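Heads up, the next two complexes both have chain A, just with different partners, chain B and then chain C.
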Partner chain A sequence: MIRKLYMKPAVREFLRILLAITISLGLGFIITLLVSEDPIGAYRAFLTGPVSRINRAGEWIKEAITLTLLGLSVALVFKAKLFSLGAEGQMLLGALVSGTIALFVPLPSVLRIPLALIAGMLVGGLFGALPGYLKAHLNANEIVSTLMLNAIALRVYDYFLIFHIKPEGAGYNASDFFPKEGVLPTFIPNLPFLADAYELFSRRANITIMLYIAIVVVILVWYLMYRTPFGYELRMMGANMKFARYGGIDTKRSVVLTFAISGVVAGLAGAYLGMGIHQKLIANITIGIAFEGIVVALLARNNPVAVPFAALAYGYLRAGADIMERSSDVSREMVLVIQAIIILLVTAERVLPIIQQRVSAMRENNKATAPEEGGQNVV
Partner chain B sequence: MPPIIELNDIYKIYPNGVMANKGVNFSVDPGEIHALVGENGAGKSTLMKIIYGMEQPTEGQVIVDGLERHFHSSRDAIDAGIGMVHQNFMLVPSFTVAENIVLGQEPTQRGLLNKQQAIDETIHISEQYGLRVDPEAVVDSINVGMRQRVEILKALYRGANILILDEPTAVLTPQETQELFLAIRKLVEQGKTVIFITHKLREVKEVSDRVTVMRQGEVIGTLPTSEATRESLACMMVGRDVLLSVDKPPSVRGRKVMEIQNLNYIDDTGRCVLEDVSFNIYAGEILGIAGVEGNGQTELVEILTGLRPATSGNALINGNFVLNKTPREVRLAKVSHIPEDRLTNGLALEASINENLIVDRYFRPPYRKGASIDYDKVYELGAKSIEEFGILTPNGDLPVASLSGGNMQKVIVAREFTSEPELLIAAQPTRGIDVGATEFVREQLVKQRTDGTAVLLVSADLGEVMSLSDRIIAIYEGEITGVFPDAASVTEEELGLYMLGIKHQSTEEMEELL
Partner chain C sequence: MSFDVVLRSIFSAAFLASVLRISTPLILPALGGLITDLSGAVNIALEGIMLTSAFTGVIVSAYSGSIFLGVLAGVASGVLISFVLGWFHLHLETDIILAGIAINILATGGTIFLLYVLTGDKGNSQSLASGRVPNINLPLIQDIPFLGRVISGQHIFVWIAFILTWLVAIYLYRTPWGTHLRAVGENPEAAETMGINVKRTRMIALLISGFLASFGGLTMSMAYLTIFQREMTAGRGFIALAAVYLGGRKPWGTLLAAMLFGFADALSHQLGSLNIPSQLVQTIPYFVTIMALVIYNLREQAIKRERRRKFQEQHMQSVASIES
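Then we have the complex of A and B:
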């Protein structure tokens, strides 16, 4: 029974991640022992910090939502064996356009919010399609082009923020807070019988309806990837680009489309930064998170359904690390080292497979005396 | 004389449960050429990897030169005087021939590679064994036959006494094969021992002293080659009698399906690869292209299937222009294509068998329903193809990479044949696959043609072209040199003269027959 479970790829994958996390947490503790006066306290802050208070838990979930969207955006591109570092630029423009609508378009919130989100996605998609087009038609390296486009997006964002959006005479580079009509509502509806919960969450941990949107996006991306003709094209390109071409797939079109859809999701993440997390546009709004989608996608092995779990796990690490830094004598740098070890171990493709091979080779050795048990040769 | 290599009761079970060798006993005498034959997946390569130390046997004894050995890596085997030339060459493409040969045991001068000495040693060893190479050529720029010689020299340079060649002729032209055989004989004259893995029974007869046949992980028998016939060997390999000659009903030529007019192709380097190629293909016939590899066949097939743009010319299928269209458009004009390199073009190895079967049809009904792919229909197609084409697999959800070469080819054949083509372009359809699968693919090709499909067959195996085709075109350096309207009446020798450009029919002569 247990063996049967173990044979399931999903179960094995889960065990693999669990083992990697355990080993890396162990290593992390050893490092903490070396650098901290109060290692137990510091490590406790790291491990339990994010769930110790409701507002901390809220911060964790909010960040996990952003990470989920970014992870999906990157997983789409990775699945086609392409590469993209463009999430930053797509988020910035998504935040800029959606934030502008949230701030200035005089519509009621039922119209203003969807309009802002859709506009954010659209601009993210268009900006995302650009490196795709360059790749498909001019064979421009997508790593370089996405990075360069990020730099352009950043300047565009700063220009509009500083010269057009920020209140006149303000001494800081940020917009006003968005009006209530432009802010994503709390995920618990304001209904009489939910009043207590609504109160609690809206005041102390502002998790917004983006929670639901993110779940829908996860399902949509999964469906797109595994059930639609486009998803088939994307996966075949990832498996063997020449095969895709030979089979008649219009690989140029599919490459552009892949980048565009990835940009749509990143644009949505950008809109969420403005309308959900900060509730205003600030300078450097994507700092510290723009490239984290890559880690999440790696953790999730580009599987859209695994992305939210990877985002939760990774978000927890980030949140715990922040709390450890604030509440103990362990420096930010050490926290980053521990984080890096965890990522390294979890994403290392080969750690557990090697152990698995050893173990099964040993088992096969024992079994060799009864060779008729071996499967028929199909290789 | 005691055997130089003796394997006793070798079992090899892979971690995934596949039993590749089941109690194999195998021995090789010093100074002989020993052929090892068997279908794909019969366990030949595993056995050789055990001798070469790349795999460790689960159970059993390996005796080399009378001593029991436990090789932990190929380095141990090399130290024991064993060398192996793999099917896929393992050379550094950007290095020169000499650098590749000495790699790992470089002659050095103050810690740096002594290039001159490397070249001298390469020339020396190359002359000693009669394997001609250019020591200063960069590997990237030399042809497959030369690369193989480099691999062999590399093994000899490391002091190999016993040389294992894993399907050495699979990538060679007939001429190169002959040169290889000469070299092998020379090696044996100088006291080396050669183990030769192959599918091709003709080569077994031609070059080996003894032959061992494997089937499904077991040795079926070892016998002197002089006592073996091709038919008896084939029977031992597949466990039943095989038709080596193809039985086919007479061809009924139908309407003109494809018309190719004055096709020219000049490649990036300015070389004229195809020159003024014109021919027609009719329904219900197999048109074979005979030519030594590298005379434009590859490019011709790629152009006709939309994978490569032509420089000029015209191609029509049922009157519709198909030249310089996309592969999708060509396929929609009812053209199927078995590509010459199945691993590069024909399959996505990590994708499942089912997904490999739908690449030409996932976007249209019945496989597409609304916005999504109807996976029920896909599974249906998979199950049907696996049964109909005898693909050896537990189910269609497994990655194609889990199949043997012959079964991979069956996946391609299943896809290309079930799309109901009017023109089937088959390039090297049986290359590197075992006798059973070869027989199957050939039967299917003939069946398609008898059912009224036009078939264009490109193969480096002249025997295959001659036995399958109804009509043959000879091609040399991108030009058609001869047309033979009745394939049965032309001899191998005569065709050879056209393939080598020695004879050339006049334009008028050919026009009538095209």
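Then we have the complex of A and C:
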């Protein structure tokens, strides 16, 4: 029975990811042991910190929302066996455009917020379509082109922030705080019978309505991927690009569309950074989060429904590291080391097979009947 | 400030000397990117390799008091981390882009983490007395009015960058190993059939790439500046990658492209005084790179079409000659 379960690819994938996380957390603990005066305390802060107080849990959820959107954006592209490192640029422009609207367009919040979000998504989508077009029609390597576009977006963002958006004569490179009409409202509506909860959350853990939007986006991306002709094309391309083309799929159009939709989601994430998390535009607004969508998509194995869970798990580690840094002598960068090891172990196609090989070879040896060759010649 | 002042300062010896200085930490990793690219892999870990070697160089030179040991350790650490990348990619079949991202994250986090453990500071290594590589004064040339001020008194890595470009050009086009490497990049299956060990060739390419990129990192922390700062490479590994494509995947082309990026960077500082926003000037090389990438691919496609056509023609001729 257990054996049968183990044979299922999904179960094996899950076990593999679990194994990767366990190993990297173990290595993280060893590192902590080496550098910390109080390793147990530091690691406890790391592992239980995010749920120890409501505001900390709020930070965790806020982070997980960004990670969910980014993970979806990357999963779309990965599912088609394409590659994109462009989330950073798309986020920056999404944040820039939506932030400008949130700051300066004199509309009531009912109109201003949707307008800003849609504009951010649109810009992200257009900027995302660009490397797709270059890839599909001009055969330009999408890894290099997305990196170049990131560099361009970063400078465009800085230019507008410094020369047009930041208040006259300010010594720092940041905009004013957005007016109330431009900030995403708290996820609990301000109704009489919810007054206590509203008070609690809006003051101590400001989770915004982006929570609901993110859930809707998860469902939409799932629907798009598995219930629409485009999603079928996307998955066909991922299975075999040449076969998809011979099968009559207009792969050029699908590649551009895939990149564009991925950009739309990343643009939304950018808008959220401005209007939800920072509530103003700051320099380097995407720092430390630009490539995180890749990790989330990897952990979720590009399955949109699994993305939020991967984002919660991964956001937990990030939030925990922050708390560890504040309450112990271990710096938060340890989580980056853990993260790198997770990526390496999850993506190393042969780690689990090799371990399996060893285990089965050991079993064979224990039986003492079979010769050793069984463990050796597996490729 | 008026336009001609800026123009005059651009053609001054000091400006050209600064272009050389700014370009060096781009040329060296770009050469590394070139070699892996020709072997058929995009090495986006250049950034991480540079950070690692920049950090190791500073730490070892500070604790040992020897600049030479610092450089040696820096290079060794860069090669080692490329080996890790190669091992995961070639032996454990990790996607090289994802492994490269992991290496970059590991280097960013690892250097800051260790910096904090060693100095108690997460920003830079100011509290450590680390070394600076020597400058090279050229006895006769330094007296030549203009040229002397441009090329004399530069630090040793500027010279190493040019020498290594030359060596890389020889390696790639004048030695059997270079031919093998390019064959593997062009068509791994065909190279395999010809008896070339594809995995080993790619591993060697990655190790050389690490060797070259680590000089770029050391330039940052032991010549350009003399301390290690967190994330001090600031995207240079990615610019280096761009230079490879802008340079048409050729050693001297890559060097020129890297210098163009250096020039744009230096220029943008000068233009700041003209009220032209430096951010916008800095985007130009990236636009040019994207265009270069497109033009390069269109040309490749045209060459391939031409080859196919020629092959078909020859084939038809040979068929016709057999029939007649």
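Things worth noting here:
Note that the second predicted complex is superposed on the first by the 313 of 379 C-alpha atoms of A that agree within 3 Å, B and C clash if a C-alpha of one lies under 4 Å from a C-alpha of the other, contacts with A are read in each partner's own complex, and residues count from 1 in each chain.
We adopt the following convention: a residue touches a chain if its C-beta (ideal position, glycine included) is under 8 Å from a C-beta of that chain, and two chains touch if they have at least 3 such contacts.
Source: prediction; values computed, not measured.
When the two complexes are overlaid on their common chain A, residue A:L76 makes contact with neither chain B nor chain C.
Touch criterion not met for A:A306: it reaches neither chain B nor chain C. In the superposed pair of complexes, A:T228 makes contact with chain B only, with no contact to chain C. Taking chain A as the reference chain, the count of touched residues is higher for C when chain B and chain C are set side by side. Common to the chain B-facing and chain C-facing surfaces of chain A is no residue whatsoever. Partner chain A is touched in their complex by these residues of chain B: 11, 13-20, 22-23, 41, 43, 58-59, 216-217, 305, 307, 326-328, 330-332, 337, 339, 344-351, 355, 358-360, 362-363, 368, 371-373, 375, 392-394, 402-404, 407.
For chain A in complex with chain C, the residues that touch the partner chain are 31, 35, 83, 85, 134, 138-141, 143-145, 147-149, 151-152, 155-156, 158-159, 162-163, 291, 294, 298, 331, 333-337, 339-341, 343-344, 347-351, 354.
Per the touch definition, chain C reaches chain A in the complex via residues 42, 44, 88, 91-95, 97-99, 101-106, 108-110, 112-113, 116-117, 122, 235, 238-239, 241-242, 245, 277, 279-280, 282-283, 286-287, 289-290, 293-294, 297-298, 301. Chain A makes touch with chain B in their complex at residues 223, 227-229, 232, 235-236, 239-240, 242-250, 357, 360-361, 364-365, 367-368, 371, 374-379.
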